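Here it is: the structure, laid out below.
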Amino acid sequence: MTTTEAGATAPSEDDGRETVTYGYHHHKSEHVKRLRRIEGQIRGLQRMVDEDVYCIDILTQVSASTKALQSFALQLLEEHLRHCVADAAVKGGAEIDAKVEEATKAIGRLLRT
Amino acid sequence: MTTTEAGATAPSEDDGRETVTYGYHHHKSEHVKRLRRIEGQIRGLQRMVDEDVYCIDILTQVSASTKALQSFALQLLEEHLRHCVADAAVKGGAEIDAKVEEATKAIGRLLRT
Amino acid sequence: MTTTEAGATAPSEDDGRETVTYGYHHHKSEHVKRLRRIEGQIRGLQRMVDEDVYCIDILTQVSASTKALQSFALQLLEEHLRHCVADAAVKGGAEIDAKVEEATKAIGRLLRT
Amino acid sequence: MTTTEAGATAPSEDDGRETVTYGYHHHKSEHVKRLRRIEGQIRGLQRMVDEDVYCIDILTQVSASTKALQSFALQLLEEHLRHCVADAAVKGGAEIDAKVEEATKAIGRLLRT
């Protein structure tokens, strides 16, 4: 799927043809925009290194980029919990355990970086 | 400076005049290469969002990019301590206090992201 | 309290009226044991400072304690998602949104430390 | 140095019988006080678990304790850089490289928790 749609007409979970779309689908263009800004920050870092900017100023910019990435991750995670995890809970059965374990592991990886 | 100089003749990009160069200068091209790889990871994230990849897999990739950024920051910091901070210590005077405080604040910002 | 119960009807402490019990209730004594170990680590840190142990060794022990706290937080979070959040999803209505937002904010606080 | 000297008679770096004292030595009682406060927070966490406090409130308290630990680590690190690392720089020779590498690894461990 190469949908670039961001909202509005976004086919929802239950519309028939639809195969799978995850929670974050509804904010796709917002996410891509956010990631492009982060990409720009990383290119800015390359310029800073190239122009011999003072180390501490580079580190400050690294902190800003890391924070932006974490914040993107948090939004994605929130949508994941709201959709995928909640859906599994509603469906019942064993899936909720698997989903929760998977989400917790992902959070653990974020914490450890 | 007790540089063990990696790039041998490595003067900076484009000049003879050269005013200041910081510790990380000696690994400039290595740093830029590392940052380009991170830039590639961020573009990969955009593709993943665009292609509706499963949220958890995107989060795993975010963790990898954050880790790569932190690891770049650590290397920069090590060079900063080895050169700028150590130089200030050798010079004596009040500068070392200022440099150490500045470095500690930068580390604090990295920890808090 | 040293309840080790894990089961189904899990009533709280001592009562029949039963008010609320949260997911982590089922692993209460395990959690308390884990926290006691962390408390011991913090007391160990005091001893290290008191006995003039080398700074770097103290920092290593701080990292271990922080990791232990994060790992406790992750387990608590997993139980919270499995019980409180999943329950809200099953009940339906607006509560799931509030629960997910609340959990995401808590994760954000953990990330930022 | 604006040491508020904790150990009163605390022998300093260069006084003969003295074996080793590290930078943080000068703030010893302050550090111990800080760690006692953290120990109190951890005991507070045990009470919270024992009294079935809401998971999210426990997580908030975990974040506060982790932040307090990180902040203790940062102060220790600052003193380490100011004393041990700066001393090695002044002495010259290979020790500064070893000290910087050691400090960087400690920072890396803090970042990864």
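Note that the chains take the letters A, B, C and D in the order they are written out, and that residue 1 is the start of every chain.
Assume a residue touches a chain if its C-beta (ideal position, glycine included) is under 8 Å from a C-beta of that chain, and two chains touch if they have at least 3 such contacts.
Which chain is which protein? Per UniProt: A, B, C, D = Metal-sensitive transcriptional regulator.
The structure presented is a predicted model; accordingly, all values stated were derived computationally and were not measured.
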Of the other chains, whose C-alpha centre is the longest way from the centre of subunit D? A
Same or different residue numbers at the subunit C/subunit D copy interface, by half rule: same
Provide the C-alpha centroid distance between subunit A and subunit C, rounded to the nearest whole angstrom. 25
Taking each chain's centre as the mean of its CA atoms, how far is subunit B from subunit C in angstrom? 34
Send over the residues of subunit C in touch with two or more other chains. 70, 77, 103, 110, 112-113
Going by the contact rule set out above, which residues of subunit D touch subunit B in the complex? 70, 74, 77-78, 81-82, 85-90, 92, 96-97, 100-101, 103-104, 107-108, 110-112
Over in the complex, which subunit A residues touch subunit B? Could you list them? 1-4, 20-25, 28, 31-32, 35-36, 38-39, 42-43, 45-46, 49-50, 52, 54-56, 58-60, 62-63, 65-67, 69-70, 72-73, 76-77, 79-80, 84, 102-103, 106, 109-110, 112-113
